[in-house]
Every structure is written in structure tokens, then in C-alpha cells.
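Just so it is clear, A, B, C, D and E label the chains in written order, and each chain counts residues from 1 on its own.
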């Protein structure tokens, strides 16, 4: 048990791989076993990940569950894992959503079940690795290979223009990551030039001295990588396509976990590595975020395809998160981290519901729905809760995150925050309008006449998310008390650069004058 | 010597030009032989009689005979009227001229190393160029010599494989 | 630099012979294979196949036995040290894969085997000579030797106009480039008075320190050297298939028998890069003139051209050919980056490159049914479901080409790119990274075809001839499977646990670096 | 001294011209031989000038290689002629794009 | 735990558990859920009354249930403030709720969403209670939105009807607009004071710059404008009448809509330190009061008339709090809650009796058929008209007297005119509906509602009569004032009394206005000495303006919604698809074009290959030569 706890992160990362080997001998035809076994294994994984939560010591910013082995001494790369308050919850979210999405695809995925479950588990490994890695090279390894299973999931089980979407998704994000790789290599080499040691240990790389101008350039390089992943306006166009065409499980994972990596990357890499540039460019990032909030909301309003609507709403929500992160106040970053979870939960749930609608009606066009509330009360209730969580209704999770973000950001960027906050109005507009057209009013589509309500499996799928929505909404302290020390440390590590940067600005300002 | 150099230069360049301009490959081949002879003349001027002999034996003798043989083997009427396009000629000429100009500019601007070797004209004359070449060939350049033998062997296999009608 | 331990003395032959034992073994086996042709009974394909494999195996054995030696044989004509060990093994692997791939191919095409295999072995020995040559004569001779074997093998398919045409093009262009190389050698010789690379190296070292000192020649010599080195580079760049000396690559790769394409793409490229690396580190890498500028341009053009041309290619062999041009550009980045780190990275990438390329070509061979259509990427539609392992392996190789992590391609790219960043070639790396980004498109395109066909095939029987999709007649040959498995394992291993390979490359680069 | 090299480069460039301009495979091949010979001339001249002998040795190997290439080239020419009925290199255009 | 604290948290707990119960297991309870739900609320009411007396005889207190959101310096708990203001509100809220719950058992009988109805009604009570007792702005905001959500869901209760779900959505979104301002106000408040706790905020307010206070106050007021349906965000409330009538009574008359007034009163410190903001409150309140009454004059939908009347009455309350007479405002709030709740319930009873008929033109003569309803309705109407001794008289007069005495004459004049209009439209309703000849559709026969509905109506009517005496004039000496005004002692007295006009003089004018309104209605609809149609044609433009609700909906539709939708569509179809995505795809396309071009180099002709090679060589030589 001690060993288990000590190497919990490794166990978590590689358990899905082991699961794959368990699944490999299963006959392709035995879909029942494949589905249930994989779901069971992902549930086991989720239960393992709960140990992280249990054994995680709150009120400290130090990395926990640290594991470190030499990996490539020539590059100074090591197998270095560890989590803090931020990655803890993202890992939990990942394991939960993997379980949920595997459970949700019993009906959606009809072909190549074996490949599907294997890819999902493979994806889980890479997602967890990305969150746990404290070594830049290791991180990048997980980060980029993650695209591949996702690419297959979209391309093989997607609908409509799936290949286009999958390829666009991969190429777009790959381009960003490669530019980001350039930045990471550059910092790695700079650190070598300064110390004579190759190292990819992120904690050591934090100490690299980088001149201001260079910081800006490197930040832009890293920014592209992470911003595309988030995706920040105007790098978002891969998202609606990928989301729309992906199978439900793919959308859930994509929205729930993959988009988080961009923000996580900013939090873990871009900002601490290049704090001065981060401070200097924060207003621009925030402007983009605010544009993203409004743009995503505006475009969502006029969408005709349900999934596309949810996808654009993701753009809007991720804008909030970036706003919070770059406002660089403890409150707003806490909010951003909470909102990361919220977005994963709420948007994940929305995609699940859209998937259920699609499974039953074989359409995603909003105009084809209507009057479903009458047929499926349980469905309606849960769907409504998810919609409201996404709207940011107080008492549900979305509110806490959004509110903290806005409160925190307001002090530094009042005008932009106000503009961004107006996004909550439009969130209500597009989501409630959608909900009304889909669920309320009278039945127009004959296919809706026989709309089945949620069965037990679907309820089990959605229930954890619903519970979390209420939990975070009413009692976010278990989350906040773990996130807050990390965030405070994050800020204390970079805040003195703010002063320095301002000083420099002041000096150049004086010399210019 | 000077005079001979110019004579040989003229012959070599003229015949080389003829090689590339003559329409009939057979004529070209004969001009090529002439060019080889001129080059052999250069070698003689440069005190490398052995190489001159090799040049004539191997090139003019063996290789060119082979070429002529092949030309004869193929249907001469079908291969002699292969012309070139005008634009091809212009571009080719231009590129060659540029290349030439560049190389010549390099040669004119550059300088060779000062003579440092021990094999002065006098020494070569004293020992005899064949002997010197032979000594070197079998000591310092023994390995290339062996490889060359295998190379020729492989070339024979190749020629055989290409030339035979079917496997 | 080291003092050149030229071995003069009575027993120099013994010592020198040690330095060429691996090549000798290969040549002996090449002759043995060839002699099989004389005996009706023994001239079966299988025999020459196994004999070649045994020969390669022996050679590898000898390389490993000699791995700690540092020999300058034949009056400094050849060198044998850690650098050679690394490259010999890589080249021998490439040869081994070629042989392994050939069995099935030979049986399908009915070509005579002994000559074929012996030519491969001769080619291998030529490559090894090339890698270990330390003398311009040896360089020229080995290049020609190697090329002649390649010309013959390219045109090996009788009655196939494409094959002959490929040989023709390859030959004329090759000879043309060789003429440049030769003419360049004249200039180098005129400037330095040496043919031995070490001697040229020390000469250049002197003048680079002497500045324009009249006593040793001064500025004029530098001009001669520039002319020589540039023209020499043309010859070498041709073999490395760098833009704009790449033009033979797609056509020759396309027309040649597929195992030979693999041979060209791996072996010849490897040998060319190796000798370039050696010559570069010895001669080019002086501050007399900044050759990195030109290499910079060549690398950028090669990557960009290769990737862009491959983008819409529909023939898998041509696609891989264009991709190999691009890959050559990436490899060149390591050389440009230079230094111990860069050389080591280049070697690592080369090693990674041969495994992924060989793996990919093995898959191509499997699906090649000796007709042209079988090379069309459309033909790969849906094989992901019918041959999951092969398709997965192919995807993995393609991802490795694209430089996705977990594959050797990523580690290699990372290695060479970071070396270039270390030397300050930031734009180069940025361009290379952007290139990798859009290059991913055409690799992924193949994966798309394999796994995401427009219309899912209704699982046809294995041997139905009417089906237009990739169908393998009969079982997959063991040799091919072996190749794929070895390549897969090594590609994965180099991508995940590269340290042992890095050490290997480091040992090898160390000797280059310390010159 | 430079004169020899200039002559050599003239011959080299004429050879290059021949390779570029001519379409007759045999003539192209002969032009290649011209280029090789230009290099030979250079080697002999330089070696003579520097009082060295290695250049002359190089020439011998070039001659050997030229012979080997001749064998291959003519073999290819025959094979090509057999397949296409001509030695026009423009007819070698099956492999493209 | 202290008993009073236990009581405090039990009050919201009852309805909360009710919600969970009906929400999760509603279908097992069937008709029983109505009774149990009502029981829960009655329990809450009793506890509220107990708490009321505890507070009345001791003092207020605060309590934190658990820490809620602790992020950096942002620290808020789930905490309650129990003072006189909140207990009064608690008693009112739970009391009216209890009655409406009971009434609903009858009203909603047989509806298939019976359990759902009570579940959300319970949720509403919970939210409203929490809103009233919350001790920090975050918690207030949470339940501020939560009541909005309940309103949304209950308005759209009959979701099959497009108009109902539209109205729900509209209510939610319009409220969000106000809430947006409210939220920004909270942000600004937090940024200035670094806390959201009431006490700390109020302590900090006097020391912050006046313009900041003004901005904060105005932003907070924006929330109130949305929630309390003041101009220009009043548009949702009339539409909200699509919901079940008890809902209208509870949420859209008695409780939720008054939250804005409660909020302003609660934040009296902030508002009083910003006279400018208070003036805005007054102005908006005045305008809305008149404006809504003006619209109500000509409507024919009985619920809408009452709805506009609510908007108008809320305007009165804002007038009161806008001049710093918070106690008067709250008093009017309480009395209005009673009589307006009564009016809605009785209107519901009418609807019940007429199986859903709402159009005045199809009623008439109902007095004889449903006496209880009619009488209670008239009681409510008289209260609304401000006729003594009904509660409206006392509360409205308290407000108007203060306005006059504090020197806001224009507002006072408008208030009196509005009072006249109020009396007119409500009696127009009464006369048209209950008197005159019946214009019912054939086949419909009106009947009196069951006891379970009439008893709450009667109770409310009784309260409408007696509750006013709590504010027996002169108001500033009344029981109510002396009880509550201590809570507002921290307010800055920005509007001192300038007149000392005796209450009876002002009351006389008010009563006169009310009576003349009734008289005009009597002339027009009972005596019919003047034909309403003639007046209609004389004042045609004015009439049309009123009848069409001053075209506010249309203006919003044309100026905001339509252009925005077009803009959004443009954003999506042009900017997103063509420009941004077009750029992405364009790059890809460019590469494809390059690819075709690049492969042109590889044209299969040996000559061109040799050319490229030699050009390359020449270029390299050239490059080194020029260096």
C-alpha cells in the first residue's frame, strides 16, 4: 500500500496501458465484455485517482506524490512526476470523464468497439501524463502524442465531415505545439548556457534568466501552442469542427480535458517561465479572451447545430478562464482553476446530452427537436441542470468560477472585465433559447414522439457530473483549499517580476521623455 | 612548350565542342577520340607519359571502341537524328557560360599552394614516372586499387545484366 | 587533432586488414553469393538470401568485435573507429532490412537472385568503404562503387520501362554530379596539395590561424578552397538528395524495385551523410568561409520542397521519396548545428531515420503487387481494419516521420533542433518546425486512408481478387514481418528510451568532435 | 599554370553543355566523359605544379571509374533502346510528378 | 447551537427539503405533495414569526453556517443576518408563501406537473428566504439569481405553450441584464472595500469616494431595476403572467419583485451616501410608476393589468427608498405584498372559475356568481386605490407624504396623478369583470372556487384591511416606523424634511385622487354616461400608445434584438467561416497550390533535372563568389 501511494501517479498513468493489455486478448466480437471491462477498468482508475485526493495534503503548495528517475541523462530529462493543487483536480477530472465517456458510448459506438476502448484508455494515459509531468520533455511527449488517439477517435467514429475535422484538429494543434516546442527548446538551451547543465526539470528551468525582449518572443512561441489548444480567439476554428463531428465520448474528452491543457500549460510553463513577458502581454491576452467570451457567445446564439452551439460556448467559457488566469490575481486564478473543472463538468455533460439526443433522434439540428420535456422528465431535469451550470446560475458550479474570475480580474482590468461579464447575459440567451427550442414547446418531429427517457446506464453516466455541479456550487471549499495555496505560491513566485517589469517600464518611459 | 600547350588546347577545346555539337553520335565519338589524344598530349607535356599511354589505351582504345560498338549495335539511323530544342540550347549555353565564368573567376582570383612536394620534374625524370606511379599504387593506394578491381567486376556484372535480353 | 598514426612497417598489412575486415567479409560473401549462380542446384533464391543474411550477420559480428579499435589503415586511406562502428552497424542494418524485404519481392517478380543479393552486398561494402574512407581518392572511388551498384539495382527489373528509366536518370544525374565532385576535388587538391582528409584538415587549420599570411598562400588559397568545396558539396548533396540536387530522388525511388528503394533511402543516404559529416567536420567546418550559410539554405529548401511536393503525392513511393528529401533537410540541421551535440544528434537521427524508413518500405512491399496501382495511396483504404498490426506499424512509422512524440522521429528531431538552437540557428529551427507541422498532413493522409476510408469496406475475404482494396496474396513473408517488428521496436525504443542510442551516437560523435 | 585549369574548366563546361543540351543518350554519355577528362587534366596539371604524384594516381582511378561507368552507361543505353527503340532521353518521361 | 440560530437555519431548510423531496420523489407523492409542501412552508412561517418576536424583544444577530468561497483575500461564508428588516421580510415572505401554497393546492389540482410545481415553489421560498437573510453580497447575488431562476421555471411551467416558455426565457434574460449590472457593482464594491460582508462593507462605505459610491449604487440598482421590473427592464413582468396565477401572486407581486426594494433598503448605507444615485432611484421609480399605470389604463387582460399595476406600485416603493424613506418603502412593500397577492389570487380565482379566461371583454356580471372572489377583489382594489381604511391608503400615503415633505414636488404630483390612474384602472377592471351584463363565451359558466382557494383569499383580504393600521398616520410615529427605523440609523440623511405639512392634508388629496379615479371608472363603465369608445377615438394616439405598451417591446425588438441577431449571423457566417476559418483553410489551400507547382519541377524530363542541378551548382558558386 505504501508503495502504491508513493507511486500513485505512475500507477495512474500506466494503469490504462495495462488495461489495454487486458483488453487485447478479448475477441473483437465480444462487444459486451469489451465495453463493460473497459468501463470497469476506467472506474478502477477513477477510484485509484481518488486516493490522490485523499492523500493529498491541503494547505501546501509543494509538489506531492513526487517521483523522479533519470530518463535521458544526455538531455537532463527525467521521469519527474508530481502534482499540486491545480493538477490534482485536473487529474481527477480526467479519470472521471474517461469513465463517464466510456460509459456513455455504449450506444453511440457501434463499430470497432475494441479499437475504441483501447484508444480511449490510451488517451487517458497521455492526458494523465501531461498533467503529472514536471519534466518539460516528458510533458511534451505526453502532450503531443495525445493528439493521435483523439485524432483516431474523431476520424474513425465521427460523423459527417469527420476526416476533415480530425485532420484539421491535428494539424492545427500540432502547428501550435511545434512552435511551442521551439520556445521550450530555446529556454532549455538558455538554461544550459547559463548553468552548463542540461535539464528539463521545470522547477530548475524557472530560474533561467531571460532578457525582457527575448521573453516576449518566447512567450509568443509558447502562447501559440497553448492558445491554439485552449482555443483562444482567433485560433478557435478547429474546435467547432472537431467538436461537432466527434463522437460523444470524443467531444466530452475534448471539451472536458483537452482544452484544459492549454490553460494548464500557461499556468505551469508559459507564465512562470516567462513572467515578465506574461505581465507585459497580459492585457493583450485578456483582450483576446474577452473577445473570445463575447464572440463565442454571439456566434453560439445563431448556431443551428446543437453540438456546434456547445462548441462555440466552449470558446466563450475558455475565454473566461483565460481572463482569470491572466488577470494574475489570486482570486481570479482560483476562479480559473475552478472554472476549468466546471467547464469540464458542465460542457462535458452538455455533450453527453447532445449525444443522447443524437442517439435517439439521429439529428443535431435544433429545429428538428422540440417538446422533449414532456416525453422525458428525467432527461429534462438533468439536462436543465447542466444547461444552468453552463449558464453560470448561482448555486451550481459555473457560478463560483465565473464570479471569482470576474471579481479577481475586476481590480486590474475593470473595463475589460465588465465587457467580459456581459458574456453571462449572452450565455443565458443562447443556452436557454436552445433549451427552449429543444425541450419545450410542442412536438414537431414525429421521431420525438417515442423519445425514451434516460435509462439506468445513462443516469449513472450523468449522475457524478450532476453531483459535482451541486457540490462545487454549494461547497467548493474542498477544492479551493487545495487550489489556493498553489495559486498563492504561483503568484508569489512571479509577482516580483511585476514590480521589476513596471520599474523597467518606468525607466524606459523616463528616458523616452 | 608554350606553343604545344596552345596547340593542344585548341585541339582539345575544338574537338570537345564538336563532340557536343555534332548531330551524328558517330562523328561525336570520333571527335572525342581526338580530344582524348589532345589530352594525352597535355600529359606528355606535363611529364606523365604513363598517363598519356593510359589515356590512349583505356579511353581512346577501350572505352571509345565500346562506344562506337554500341552505336553500331543500335540502329544508327534511329539514333543519329535526335536534335535539341532551341530553348534547351539557349538555357544550356547560358548555364554553361555562367558556370564557366564563375570557375574562371575563381581560378583567376585564387592562388594555388606553393609547390611543396618532392616530386619535381627532375626527380620524376630521374626515377621514371611509371615507376613512381607503380610504387605509390601498390603501397599507399593499394586499397583503392583493390576496390577499383572489384568495381570493374561489378561493372561487368552490371553491363551483363543490362545488356542481356531477359533474365 | 590526433597525430596521424600512419602505419609504416612490415606488418602494416595485418594491421590495415583489421580496419577493413567487415567490408572484406561482405565482399567475400558477395562473391560466394555470386558463385551460387554457377551451380544450377544452389542457385535457388532462398540460398542466396540466407547466405547474404549470414554474411551481414558475420560482418556485424566483426564490427562489434572491433568496436573498441581505432585504426588508420592503408597509409591513412581508411579509418576505423567508433564513428565507423556506429555507421557500419546502421548500414548493415539497412542492408539486412533490404535483404529481408527482398525475398518476397524476388519471388513475386521472378528476378534472378544471386546477382541481386551480391550487388546488395557489394553496395553495402562500398558504403562501408565510403564511411571509413579518409582520402579523396577513396571517397570518390567508394561513391562511384556504391552508385554503380545502385544504378544496376535500380534498373534490375527487366522489361520494366520504369525501372530502366529510373536507372538511366539516376545514372546520368549521378555521373554529372560526380563530375562536379571530381572537379571540386581538383580545386581542393590545387589549394592544399593533399588528398588525405586529415592532411587537408591540418593544412586548413594552419591557414585559418595564419590569416592572409603570404607564406602559406593567403587569401588566394581560400578562394580555391571555396571553389573546390562548393563543387565537392554539389556531388555530396546529390547523394544526400538535398534540394536542388534532389531531382533524381523521386524518379529513381519510384522506378527501382521497392527493396532497392529502401536501400537507396536508407543505406545510400546514410553513407552519404556519414561521409559528409566526416568531411564537414574535417574540412568545411572552418572559419575560412561560412559554409553553414549555404547548408542553411539547402536545409530550408530541401525541407520545404520535400514537404510541399509530398503534400499531394498519391504514389506512396514518390511520397516517401519526397519525404526523404525533407528528412535530409532535417538531418542537415544537426550538421549545421554542429559541435558534439549536433553531430551526435545527426547520427541519432540517421539511425532513427533508417528504422522508420525501412519499416515504412517493408509495409509498402507487403502491399505491392507488382503493379503500379498498388502503389497508389487509395489502395491503402481500409487496411487498418484488415491488417491491424501492419497498419498500426505503418501509422507508427509515419508518425515517426512526422515527428510525433513516442517515436524515434521526435527524439531525433528534438536532438538536432536543440543542437541548432544551441548554435543560434533559431530561424532555421522555426522553419523546420513549421515544416514538420504541415508535413504531418501527408503522413496523416495515409493514416486517414488506412483507418478512415470514405466508405467502409464490408470486410472482404482475404484472397478475393475482385476487390480493389489492399489485398495480400497469401501469408505475409516472415522477413517482412521481421523487418517491421524490428523497426517498430527500435523506433519505439528510440522514442521512449533513447539514452542507450544516444550514448552510442555520443561515442561515435566524440571521435569526430575531438578532431 | 592557371592556363591548364582554365582549359580544364572550358572542357568541363563544354561537357556540362553537352549533358544539358543533347538528347542523345550516347552523346550525353560522351559529354560526361569529357567532364571527367577535364578533371583529369586538372589533376595532372596541379600535381605537376605542386611537385606531387597523388594527383596522377587519382587520374588512374578516374580512368578506371570512367571505364566502369562506360560499361554501365552503354548497358543502360542498350536496355533503354531495347525498350523504347530510341536513345532519346526525352522519351524517358514515365516517371514524373 | 443556539436556539435562535437553529430556528434561523430551519426556516430555509424546510422549503429546501421540500424541493428535494418533490424534485426527486414527486411522482410517488401524487396529490399529497401539495399539502406537505404547504405544511413545510407553514412551518417556516411559524418559525419566522417566532424569530420575529425573538428579534423584536432582543436584538439582531448574524451567523455563519459554513465557509463557502475562500479564495485569496476573497472570503465569504454562507451566513445570515437576522435583524428587524429581515424578520419583517421573512414573516411577509413565508406568510404570503404559505397562503399561496395552500391556494395552489386548489388551483393546480389535476395538473400533471403538480409535484413539479410544488417542488419549484418550495425552491422559490427557500431562495427568497435565503435572499432575505443572506449576510453578504455574494450570497445575496446567488439567491437573487436563484429566485430569478425559479421565476423562469415557474413562468414557463406550461412549457408546451410557446408563449409561456418564451416568457420564461425573456424573464430570465432581462433579469440577467440587470444582474449583470448588479454583479459589476459587486465587483466594484469588492475592489474598493475588499470584502462583501454587509457590516464590513457598510463600515467602509463612508470613507470611499463619493463618485465610487454613486457608481456602485447605480450598478446595484441596475439589478433592482431588472428584478423589480422598473423601466426600462419592466418588459418581462407582463409577459410573466403566462405562468400559473398563484406564481404571479407570490413571485411577481408579493415577494421576488420586491427584492429590488429590499436590496436598496438593505444597502441604505450605500445609497444614502450617494444622493445622486438615490435621485436616479427616485426618478426611475417615479417614471415607472406613472408609465406602468398609463399602460394599465387600456389593457384588457386582467392579469396584465394587475402586473402593470405591480410595476407601478414598485415605482412607488422606489420613490420612497429614493428619497431615503426606507421605512416607508418597506411598509408599502409589505402592504403591497398583501393586497397585490390578494388581487392576483382573486384574479386566479376568476380564471379558475372561467376555466382560464383572461380577457375583460369576455367577462362581466361575475359578482353574482362568485361573491367571495368579487368581494375580496374589491377589497384588494380599494387597498390598491388607497381608500381608507385599507392598507394601501396608509402605506401609499406614508410614501407620498414623505416625498412632499422632503421637497420632491414634481415626484409628488406625478405620484398623485398615478394614484388617480391606479384607482381608475383597477376599478375599470372591477366594473367590467364583476358588474354589468355577462359577456361570457357560450358554454362557459362561472363558478366559485373551492374553499381551499377562497380561505387564503379571505385571510389576505383581512390582512389588507388591518395591516395598514400598523402604519397609523402620522407614519413617523407609527408602530411600524418605530420598530423598523432603527435598522436604518446608519443611513446618511441626504434628504432632510423641508416641509411640515400635516398628514391629513396630504391624505385628503390622495384620497381625492383615488376617489376621482373610481368615479371616472364608474361613469365610464357602470353609468356609461360617457362612451369609452368616444374617449378612445378622441385620444387615439395616446390610447394606442397605452394599448400597445408604448411599443417598448417593439422598440427593443427592432433596435436591439433584430440588429444583434443579424450581427451575430454575420459574425458567424462571414467572420468566422469566411475570414478566420477561411484564413486557416486558405493557408492549407495555398500549400496545395504550392504542391502542384512544386511537383511541376519534377516533370520527368531529364533535361530539366540536369538544369536544376547545374543551376543549383552555379548558384552555390555564385553565392561564394560574391562573398
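The rule we apply is simple: a residue touches a chain if its C-beta (ideal position, glycine included) is under 8 Å from a C-beta of that chain, and two chains touch if they have at least 3 such contacts.
For clarity, every value in this text was computed on a predicted model and none was experimentally measured.
> Using the contact definition stated above, find the chains touching both chain A and chain C.
Chains that touch both chain A and chain C, as defined above, are E.
> Under the document's definition of touching, what chains do chain C and chain D have as common neighbours?
Touches both chain C and chain D: B, E.
> Which one chain sits nearest the middle, judging by mean Cα positions?
Taking the mean of C-alpha atoms per chain, the most central one is A.
> Could you tell me which two chains share the largest number of C-beta contact pairs?
Greatest count of contact pairs is found between chains B-D.
> With chain centres defined as mean CA positions, report which chain is farthest from chain B.
Farthest chain from chain B, going by C-alpha centroids: E.
> What is the chain whose Cα centroid lies farthest from the Cα centroid of chain D?
Chain E.
> Between chain A and chain E, what's the gap in Å when you average each chain's C-alpha atoms?
Inter-chain centre distance comes to 37 Å.
> Measure off the straight-line distance from the CA centroid of chain B to the CA centroid of chain C, and report it in whole Å.
30
> Find the geometric centre of each of chain B and chain D from their Cα atoms only, then give the gap between the two centres in Å, rounded to an integer.
Distance between chain centres, rounded to whole Å: 7 Å.
> If you average the CA atoms of chain D and of chain E, how far apart do the two points sit, in angstrom?
Chain D and chain E have C-alpha centres separated by 96 Å.
> Spell out, as numbers or ranges, the residues of chain B touching 2 or more other chains.
88, 91-92, 95-96, 99, 103, 106-107, 112-113, 116-117, 141, 144, 148, 151, 154-155, 158, 161-162
> Please set out, as single numbers or ranges, the residues of chain C touching at least two other chains.
Residues 137, 141, 144, 148, 151-152, 155, 159, 167-169, 172, 176, 187, 190, 193, 226-227, 250-251, 313, 438, 441 of chain C touch two or more partner chains.
> Give me the residue numbers in chain E that touch at least two other chains, ranges are fine.
Where chain E meets two or more other chains at a single residue, that happens at 588, 599, 602, 604, 606-607, 610-611, 614-615, 617, 621, 625.
> Tell me, which pairs of chains are in touch?
Between chains, contact exists in these pairs: A-C, A-E, B-C, B-D, B-E, C-D, C-E, D-E.
> Given the complex with chain B, which residues does chain C contribute to the contact?
By the definition above, chain C touches chain B via 16, 20, 27, 34, 73-75, 77-78, 110-112, 115, 118-119, 122, 125-126, 129, 135, 137-138, 141-142, 144-145, 148-149, 151-152, 155-156, 158-159, 167, 187, 190-193, 216-224, 226-227.
> Where on chain D does chain B make contact in their complex?
Against chain B, the touching part of chain D is residues 1-7, 9-18, 20-24, 26-27, 29-31, 33-34, 37, 40-41, 44-46, 48-54, 56-57, 59-61, 63-72, 74-79, 81-82, 85-88.
> What does chain E use to touch chain D in their complex?
Interface residues on chain E, with respect to chain D: 599, 602-607, 610-611, 614.
> For a test of understanding, state which residues of chain B touch chain D in their complex under the given definition.
Chain B residues touching chain D: 5, 9, 12-13, 16-17, 19-20, 22, 25, 28-29, 32, 35-36, 39, 42-43, 46-48, 50-51, 54-55, 58-59, 62-63, 66-67, 70-71, 73-74, 78-80, 82-84, 88-89, 91-93, 95-97, 99-100, 103-104, 107-108, 112-113, 115-121, 123-124, 129, 132-133, 136-137, 141, 144, 148, 151-152, 154-156, 158-163, 165.
> Which residues of chain D touch chain C in their complex?
Chain D residues touching chain C: 5, 8-9, 12, 15-16, 19, 25, 28-29, 32, 35-36, 38-39, 42-43, 46-47, 49-50, 52, 54-55, 57-58, 61-62, 65, 68-69, 72-73, 76, 79-80, 83-84, 89, 92-97.
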